[in-house]
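Next come two complexes, and both contain chain A; in the first it sits with chain B, in the second with chain C.
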Partner chain A sequence: MSALLLAESFAERGARERARALLDAQSFRELIGPFERLASPYLAAQGVVPQSDDGCVVARGTIGGKRACVVATDGRFLGGSVGEIGGAKIAGALELARRDAERGTPTRTVLALDTGGIRLQEANLGILAVTEICDAIVALRMLQPVVAVIAGRVGVYGGLSLSTALCSQIIVSEGARVGLNGPDVVETESGIEEMDSSDRPLIWRVTGGRMRFEQGFATALVADDVEAIRAAVQHAFEAPRELGPLEPQAFPDPRLDLDTFLRAMGIES
Partner chain B sequence: MIETLSYEYPASDAVDRRAHVGVVASGNCEILLEPARNGNASVVVRTSVTGFGATWNAVLARFFVRNPVAVQIEINDFGATPAVVALRLEQALEAAR
Partner chain C sequence: MSSVRGRAWFERITGGAELVTGLPPSVLAADMTLDGHAVRVIAVVPDANARFPLARKGDVGIDEGFGVAHAVSGTPLKSAILAIVDVPGQAFGTREEAVGLQRALAASANAYIRARRGGHPVYALVVGKAISGAFLAHGLQAGWIGALDDPGIEVHVMSEAAVARVTRMERADITRLASEIPATARDIRSFATFGAIDRIFEVGNPDAPSDVDLEMVVRALAGALRTPELGLRNPRERLDRPGALQTRALARRVREELQAQWDA
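Coming up: the complex of A and B.
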């Protein structure tokens, strides 16, 4: 209980505060901030109120004293969905980081993603943005680690889960989720026998951070604690551990009852 | 449908800097506050909940009676209650002073 009270939650912060938390104290400097008013031009026409930063924060600063850039999506605004503007901010930051690396002034780049994926209201532009982000990640990770932090309330689903999988380092929290199709989509498409989207323990048994770490999809599993996540990010840059090819592994059926599943996974409940 | 509402109020005090608070999430709103050059207070509200113009005016008028600050405010609202709006306004002003 005392540990719970002492921990400073990362998940409870908004995107801007998450970026601030990952950068060294006092080093946060936002690029294309809310007063630039680069909001989505497509939402209002569809009856949705836009947000002045399009739910995506890009911030420069330092991490461990080294030049850094943190990109954070805000899971509270339209599920952290990525449209044209937010997507361009992410891809632009990655492309500038590649240019920096090529010029010999590397910029530590962190993607703190909390997103349901491509924004449905901007479907094709969102898909285009994800392809640009994927391209930019692949180009940058040839030169330096690209670190993803998945530790928000939404996690990462949809198109951005593909981008996440391309990162060289993936830090997940136990409360976060990583998956391609969300539970509702799986239930709709494949039936409730395949996935009961109201069964939250089942959702975490399939897509939760611990499961993804055990499966080898993530390089680090962290508590929902700002200091722990900061330490994991620094470690990711200082002692990079590339994700190898995934070996086929046998995992217990997540649809078993919870206790049986946890015992089979060797996790104490 | 989105409703866009505009209001103006008399103002006398200046603020030092601009401030951004809040989020466009259910029951919440985002506020951008900037010092105004013309010495008046003006507010533009974009909201997904239509038909509450009088309520917005009541909340804003009370805020500017208590704090007659010459600012330009933009609110992006996603169904914030009057209490939440009042708190967000106070928060924005605190950050701007």
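Coming up: the complex of A and C.
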């Protein structure tokens, strides 16, 4: 074998291959796989071709030899957007993991999300699903770690970035972005003087993985490398280092010197 | 445009009860007794002087997300919580994204979930807009949700202009689809078909509730407060409501199949 091992990209893989990569070798078993053809009926009605897994893969297996479940969204299908089926897969897996934890057979749970947020073609169903996902993450987190991996081309935005922020540990790659409102949406809602969505350096400075790690919003910063991400996930379960709590602060938030922070970011305050 | 409804309903319901201190001016909270039940009422309102300019019209921004979280987690022992919802959006700005708006909104969602799961019944009354992340942060985690029946109420995930941009669809097509497919509709009656709304109120003046309007809503709230189990329900339980059996059949089927296949 060559001494020079090239990094294997995680971001270039699809959702199924990402889930497979995070589980122990040969342990991958998909639930409600594509052959069950559980696809969104709402997309076809709106002239969009659906996908037979709805852009969301749930897989059981083991991580570090322990029972595990990985849920991965497919950023290449409609921006990884979450509708009724994908949302129910994520929430349902979290609910079952909570049931397992209550029964004393804990399941290591990883959300490998790559998503622009709630699917606009199923908006109301998506927001209800995200409400359930948020509740299920917090409920599971009361009993065990809930680990998020944000290492795709899209990153996480919208309702799913709110959900992800509830996880106990977040592994983020330098190439991923984490924000609530995407650049296109900010520009449309508030004008180009507020955000120029073509200003890529600004967007990465403001929402890039490195920035989020430095802000303390992620527990690990990784390269786009399957082995590095696998190792970070294992580490997250073996040596849990919980994110700083989302504990509410008295107003004004003493942690935030807004003017200094914005100046450092090169943003007019 | 700034909305006046959140403040109007907050003031009418709390009847001048003393405000909780230590919150941003855009987050109102007061402890009261409603028909013998202790309840903390919380609203997000416009603040023309807010330090984040894009959060001045009643949107849920950085200070509002953490502020609501603070108000919720400070709820007195055994008190219920009532969220008055009139939130036109989540502050869409570069400053917000830099500071990390997703965490501010997560903080308030987290506070509501922990309060509800910790035994505080949580109720919400939608009196105005209930938009996207702002609604996720303030209202949607309630066990019981009431709403006014009024065209001024909008529930949606993204404005039509932004949807058009993201999906590259024509505005006219988006409007047409919203009238044909309830999942993409923006009115409260369509949203209610999915089983998340427990009660819809027809009021005379949603901007400035009359005594009659107020009495009807307060009587219904008192009824819901008498049954704390309603306010303690998890959002998952919405799937079992009569309407959801059909409208969310796929979400139910996914749960069943996941459970069947979970342990091979």
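We adopt the following convention: the second predicted complex is superposed on the first by the 239 of 269 C-alpha atoms of A that agree within 3 Å, B and C clash if a C-alpha of one lies under 4 Å from a C-alpha of the other, contacts with A are read in each partner's own complex, and residues count from 1 in each chain.
Methods note: contacts are C-beta pairs under 8 Å (C-beta built on N, C-alpha and C of every residue); 3 or more make two chains touch, one makes a residue touch a chain.
What you see is a predicted model, and the numbers here were worked out from it, not measured in a lab.
Once the two complexes are overlaid on the shared chain, A:Phe35 sits against chain B while remaining clear of chain C. By the touch criterion defined above, A:Pro106 reaches neither chain B nor chain C. In the superposed model, C is the one of chain B and chain C that contacts more residues of chain A. When the two structures are aligned on the shared chain, A:Asn124 is found in touch with chain C, with no touch to chain B. Contact with chain C, but none with chain B, is seen for A:Gly159 once the two complexes are overlaid on the shared chain. Using the contact criterion defined above for the overlaid structures, shared-chain residue A:Gln51 touches chain B, although it does not reach chain C.
In the superposed model, A:Gly61 makes contact with neither chain B nor chain C. On chain A, the patch touched by chain B and the patch touched by chain C do not overlap at any residue.
Every residue of chain C that touches chain A in the complex is listed here, in rising order: 22-24, 27, 51, 54, 62-63, 66-67, 69-73, 89-90, 92-103, 105-111, 113-114, 117, 132-133, 135-137, 140-141, 155-159, 161-163, 165-167, 177, 180-185, 190-191, 194, 196, 234-236, 238, 248, 250-255, 257-259, 261-262, 264. Contacts from chain A toward chain B in the complex involve residues 14, 33-35, 44, 47-52, 55, 74, 76-78. Looking at the complex, you find that chain A touches chain C at residues 29, 31-32, 36, 38, 41-42, 45-46, 58, 60, 79, 84-85, 87-89, 91-93, 95-96, 116-118, 120-132, 134-136, 138-139, 142, 156, 158-159, 161-166, 178-182, 184-186, 188-190, 194-195, 202, 206-207, 212, 215, 217, 246-253, 256, 258, 261-262, 265, 267, 269. Residues 1-2, 18, 20, 23-25, 28, 30, 32, 34, 46-48, 74, 76-78 of chain B are the ones touching chain A in the complex.
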